[in-house]
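What follows is chain A paired twice: with chain B in the first complex and chain C in the second.
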Partner chain A sequence: MQKSARLPLTRAQTAWLAALLLSAQLPLWMSVLDWVALVGTGLVILRLLPPVRRLGSTRLRALLLPALALVAALGIRAQFGYFLARDPCVEFLYLLIGIKFLEARDTRDGSLLVCLALFLAVTQFFYTQSLLAALLALPVVIALGGTLASLRAGAAAHADWRAQLAEPVRLTLQGIPIAIVLFILFPRLAGPLWGTATDTAARTGLSERMAPGSISELSLSDAVAFRVDFIGPPPSPRDRYWRGPVLSRFDGREWSALSHLKLGSFARRESAPIDYTVTLEAHGKLWLFALEYPLALPHAPTDEATLGAPVNDIALLTYDQQLLARNMVMQSVRYTVRSASRAKVTAVEGDVADNIGLPNNNQRSALFARELRSRVDSDRAYIDAVLAWFHGDPFVYTLTPPLLDRDPVDAFLFDTKRGFCEHYAGAFVTLLRAAGIPARVVTGYQGGEMSLDADYMIVRQSDAHAWAEALLDGRWQRFDPTAAVAPSRIERGLGAALPAGEPVPYLARMEMTWLKSLRLHWDAVSYQWQRGVVGFDVRRQRDLLREFGFDNPRPVQLAAAIAGVVLAWTALVLGFSRLRASQVDPELALWGRACRRLARAGLARRPDEGPIDFADRAATRWPQCSVALLRIGELYARLRYGPEREQRAALLVRLRVSVDSLPSVRKLRAQS
Partner chain B sequence: MSTIAAPSWITHWRQRLWRLSPTDRDPVVLRHSRIYILPTRRGTAVIATLAIMLLTSMNYALSLGFALTFLCAGMVAAALLAAFRNLAGIAASPLVGGEAFAGSQLEFTISLSSAARARKGIEIAPRDGPAVEAELPAAATRPLRLYVEARQRGRVPLGRLTLSSNYPLGLWRAWAYVHFPLTGIVYPAPEASPPPLPAGHQGSDARRSILTSDAELAGLRDYQRGDAQNRIAWKAVARGAGWYTKLFEGAGGSGAIDLDWEELPPGMDAEQRLSRLAAWILAAERETRAFSLRLPGAALAQGQGAGHRRTALVALALYPNAAG
Partner chain C sequence: MTLRPAQTQAIPVSERLASVIDALGRVVVGKQTPLKLALACLLARGHLLIEDIPGVGKSTLAQALAGTLGINYARIQFTSDLLPADVLGVSIFDPAAHAFRFHLGPIFHSIVLADEINRAPPKTQSALLEAMEERQVSIDGETRPLPEPFFVIATQNPAEQIGAYPLPESQLDRFLMAIELGYPDPAAERELLVSGDRRRRIPEISPCADAATLSAWQREVDAVHVAPALLDYVQALLAASRGTSGATPRLQRGLSPRAGLLLVAASRAWALLAGRPMVLPEDVQAVFPALAAHRLAGSARAGGPQAQALLHAVALP
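Now for the complex of A and B:
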């Protein structure tokens, strides 16, 4: 191994390093803490300022790195409360890069910074793997090449940074085939190598709790919850209820899920089955969303694994008809489910007990419910009366309801009358339970927008919704009190249902058509990205290899395949350069052509014979074309051995014309 | 130490791998059989970082992490091929082995041809001398001067050359050994302050003592250790003007001189004698006096001029060693 000399960093090298570090830090700007982003990037920029450039030579330098690193570590520790986990380490690395750069002095510091920046660049994908993130990572590769080339060349570097960049860009392009092959063939793991600390980064999505305001907050987000490919036609908007967490417990203010988990059986369908594949974004929870009501457990998508048996071990069905994954959904998953819009969900043991209790507050509601129930003769008539009351009374559907403190149901129903779906669903279930009807809140998503080509459906966080289920006649039935207040919410979505001036997310608004279509275009691209690149996991890898005829390839076979491709690539790259090399000497090619023709006509050049001598000899043999022959010899000698570099082009043209003017082999034979 | 000769296949491979004996013919074209490539320190660090990035991507199932890692790996791999291509096809020929005095540097000239491609950052390092950096445009042949420490008089080989390059990214070092049978000649180091030249011929007369009555004072020069006592300008010393040595120009001083090994004081060993003779040859040349040289087993007729001087110095350089 070569001992690299420790040479002081030149200005060009410092500038290249700064470009590399900034391009590695930039994509993380939004993911790290604000002060970390400011200080870490600030230090890099600070180093470029003239007074700090000289810092590298001072005595202070020896103290700088340890002291600042300690401060950084303590600061991050104070912010997180712990240090040895993924996120604090990323923050620390972000700062460390700035600190190390501040005191970097020689090329070995440069090497270290290159490695740190390279690793930092990969950490951005902890937080996002969007198409944008991928594009933001490309400058890192280019800057890496430029920095390495600059570190190597040192003072001899090309003055023009663009010229310095040409070689790294060429190398990157040459390396792309290798990158693609490795990406496809490198064995993927089904699970992590070591325990990934549960860095539950705040992800948007539904939770197992619902308090007034929790869903309306979610409704402000345009983020995609999941996408759906329907195998047949999609269901009508009114049937697009995507079942999520079922909340049975109520503490007077907040609804929450039952803590015990029982397995259930699937509903019996009463309408045509619908088959579809869901691509669920990571949400860090267990729910797998499905249309009401799921008829079977999800399995691997049929379009990818033709032989894929139902993957029963990835999911289970609870007795309250929730589909749960066995492990938290920490990365995007795809599954195919079968549902039916109408199905019979029979009550099971414990349903009544779990779904009837109420806390002691909200007494006005309880009184109101009992009074209303006494006026009608059946539970169904009571429910209709409650829905009619919601519809008839001046209830307002709004994203910005007033705050409710004690007895929130009472305050909502009788005082403010302004609320979002969680208010209506919660109040509705309270009224039902007060009247002795078992009922529960179901949260999930309602709606979904077809993509531009209408080939898949996008369900966003702004489609989050809460509705109710009541146990009537021994079966659970869905009631959506929001529909009674704002019917257009169910038919046409949030934007249509809310009064003007509400802070609806942009995309939920109907009128912003051009923006909407732009966003839908972008979504189409990023959906393909998500499916094809980000979602390329062990299963998709297996499916892809099967298409090429490899069934369950062993790692040895994959390694052999990689080695084969690398060999072919090597031959290609080296061969390509040889091909180009042969184009460098056009005069040699022309001279060779002339010599071959003369040789076939009977006059071969002796190995020790120079071009001019040979041309002389040929000219005496064929006096008719002696002018051309002599010129060929002279031009070739000048091009090959002469000093005239700048006239090459003109000389080459003349040589080409002269060679072309030679008679054919047959004529030469006839003439000699 | 074993006296058993290594089997021939071992010597064959030793030569093939390390080119320890000077058997390369002219010209040497660097091909895959000669070119070695290993990562530099920086290359090792970058590859290790890529390995860590790969592990991280595997553990957290980061598809884009894989993509970034493999993209960088592709660039590193392409840099390896570029490092190979930068050396492959270079033709090296030995040109001239120079001559120098012991203690200075011996110059060798070789030529490098770039063949079709331009070559960047080629370093040529003799085993016993400073490395030289070369850049070659496409289709160019350039002479290249190399310097080897001239430690001992005699025939000094250029030795094995290492042609290396860490172009383009400094991640890989490609190198090749070339060992030409090219030698230079190292003259004995001239004695630092030799006594003055022996007296020249007075006609066909026998030699005379250094100080003669008809010698005329030609001038003074700074005193050097070893100058004869009777030539010190004592008057100047007495005046406190410093130490000077008197220079005489005898009438016969411009005559031819004989430089004879046997005439030197008997206490001197062979190398000292050679040093003194070398110094005298230079002095004679400076004073444009013809000289003849006689060594045990070799003699040089009287002559003058650069060619004569060189022949004399070569004779000194190649004088057989006392040991062998």
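Now for the complex of A and C:
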């Protein structure tokens, strides 16, 4: 076995390593802490500066570098409060790579850094599995190939980086079919391995609480909440109410969900049913969003559904008509639901008690409500009066309402009159409850934008919305006070409803059509990525394999299939290169074979080394084979550079015999 | 002169060339490679520039070469007042014959040692260089051919450039090779000290050849086989020197097509010296530094590392 020589790193090798490390760090810039990103990348760059390169040989590093690592570990521990979890460890690795690179001196350090960089490069998929993340991983692969090539070439690695780049690119291309096979056939795990409890990071999305400002904050995000494929025409914009958390409890400032959970029954539909498939992005919570009102439990998408797989156990319906998943949505899910925009939701026992109470602040509102109620003769007339008041009074729909303090409903209704949908929904429900009408806040999304070729709908976080439901005449009915203030919010979306100059997500504005179309194009691509690549889970793998005739394959069969395809491809690639070599010149192929064997035995021909020189060198290394080696060099030289025409065939035979007579790689290694 | 029976691989000429080198080596001690390069230069019909300090054996080399090959030799010491006529020759009125008679200059010899060529003014330099190029001299309307073979060894002292006229690049190109002799290694120097001045042995040299044989050898050089694969390699080297292949950094100036032609010729001569009927990449690599260094950087010393780097950078096709 060859010993890996500890040669000092050349400049080219150092440069390649730096490229590898930087490209591994780059995708994590958005995920790690700011100071970690700055310091970790700074250390890598620092190593390239001349004075630090000299630091590598001083004794200082023996003390300095462990101290640096300790400081980094303590800093991260201080920031997180814990250390042994996914995120702090990724941050530590990020810093560690910079520190290790600072002290890297020889090729063994280089090999270690390659391993560390690869590990770091994979960690970015903890945070995001988008198409962009996959593309960002590509430079790592290329830089990895270049680094390995330059490490292997040793001191002979000239500045010829183009040749070193061409090789890894070629290898990457050759590896793509194998990657595809592994992707399709490798057994899928049911869930991600890394969902550790300490790291349920805050994700953007609705929550079970709503305080003034929480939704308007969400509205600034362009992130996709979910996408919808409609089977049939999509509903009109005014019917696009995507029902999410229902908030019945009010503490005077914040709305929250009830803590107890009761199962409910589905609404009776009063209009045509709409069937659609939702691709919900991970939000770390339980809600499954559906159009108001769902008529049945979600099931696996019909285009992928297979023979009677038990899928109706993924969700349940609560008595306040929320669809809840049985497990937290930690990765994107797809499900098909049937809804109807008109449906009768009858009151159930406990509804009144749960949805009537008010805390005893906001007294002005209570007074106003009682006074207004006494002037009209029915609950419905009262609700109409409140909505008319919202419409008539100078209420302003804005993303940047003033801060509300002690009695937020009072302050909003009578002083500031500036608010976002959560202000209107919350104040509306307060007014209803004050007048003795059971009511609750419903949050979710309102709206949605059709994709470019109109085959699916995109619902973004900026479509987050809050509205109200009141129990009237024994059934729950939807009222949207925001519509009374800013009707265009419901009809045409957020951007149209807000006055110009408000900080709206770029996409919510109707102008900037080229940007919008660019983003829509990108969304179409990443939707396909999400569906086809990230969403390729156990079930879809099983379905695909069934189409190929593998019904419930055993792991052994899968392994055999993978090995078979990989072997066949390798044989094809190698065979092709052999074929090409033999087409060029038979003596070149034979010479190449001899050179490869000697290279594997530890003596590589320099690219510029002539046949006689190399044969001489090999003959001094293996004196017992010197006759054959010298003859090979001479015959090859005569065949390639000599004037022989008639003797070619005979010389070729002799060359082939001599090459075949060379001992095996193992014997050569033993003899050297 | 004995001739061993020709082997299957070797050709008889190379045996005789080997004996020439043996004979030369007895006079110029420990300078095997410069000797072979000088001989290859002569066989390839080129001229040689030696850059070195005095006293390392430049004129010994030239005299020994002339003696071994059995051709005549002249030495011209270049000085700042040297005139072209001092090199080429002059017509003098002969009162007896009532006519001008041309006195041949020292250039009408087979081997001419132009010592310290950079000390002569450009006019004289170019007279010599034109004669080298055209292998004839035209004076007073009459063209006189130079002897065949004709081989100029010019020396240049790199240490003393003050008050000198360094050869311009275009003139440097006239020399097929530029080499440094360098100091002898300790063993050779000891031998030199023990046995005294080698120049005394020059008269004892028995010639191994004559002018006609030398011309025949030069024709042998042209017959050495050059394979397409080798021309590929030469072209790759030329391309690399011009920085067009991308493998090497761009050099100050690349090698001209004429340099390529000369490279093939010198490689042929080297292959003949090695006793091979065809040129191998090793032959090209052996002569390349001597041929390329002064063309790439203006002097053998400055261009040597560049030439070696070029060789390393270009892979065999």
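The definition used in the following text is that the second predicted complex is superposed on the first by the 570 of 672 C-alpha atoms of A that agree within 3 Å, B and C clash if a C-alpha of one lies under 4 Å from a C-alpha of the other, contacts with A are read in each partner's own complex, and residues count from 1 in each chain.
One rule holds in what follows: a residue touches a chain if its C-beta (ideal position, glycine included) is under 8 Å from a C-beta of that chain, and two chains touch if they have at least 3 such contacts.
Keep in mind the model is a prediction, meaning the values are calculated, not measured.
*Asks:* Which holds for A:Pro611: it touches chain B only (first), chain C only (second), both, or neither?
*Replies:* The answer is second: A:Pro611 touches chain C but not chain B.
*Asks:* Is it chain B or chain C that touches the larger share of residues in chain A?
*Replies:* The partner with more contacted residues on chain A is B.
*Asks:* Just chain B (first), just chain C (second), both, or neither: which does A:Val122 touch?
*Replies:* It touches chain B, and chain C stays clear.
*Asks:* Please work out whether A:Phe536 is in contact with chain B alone, chain C alone, both, or neither, and reply first, second, both or neither.
*Replies:* first
*Asks:* Quick one: is A:Pro643 in contact with chain B, with chain C, with both, or with neither? Answer first, second, both or neither.
*Replies:* second
*Asks:* Just to be sure I read the superposition right, which of the two partners does A:Arg188 touch: chain B = first, chain C = second, or both, or neither?
*Replies:* It touches chain B, and chain C stays clear.
*Asks:* Which bits of chain B are touching chain A when the two form their complex?
*Replies:* Listed in rising order, the residues of chain B that touch chain A are 38-42, 44-46, 48-50, 52-53, 55-79, 81-82, 84-85, 89, 115-117, 121, 133, 138-139, 164, 166-171, 173.
*Asks:* Mind pulling up the chain A residues that touch chain C in the complex?
*Replies:* 158-160, 162-163, 606-613, 637-638, 640-643
*Asks:* Under the definition above, what is the set of chain C residues touching chain A in their complex?
*Replies:* 225, 227, 229-230, 246-249, 277-282, 285, 311-316
*Asks:* Residue numbers of chain A touching chain B in their complex, please.
*Replies:* 1-4, 111-112, 114-115, 118-119, 121-123, 125-126, 129, 133-134, 137, 140-141, 144-145, 148-149, 151-153, 156, 167-168, 170-172, 174-180, 182-183, 186, 188-189, 192-194, 196, 331, 533-537, 566, 570, 573-574, 577, 581-582, 584-585
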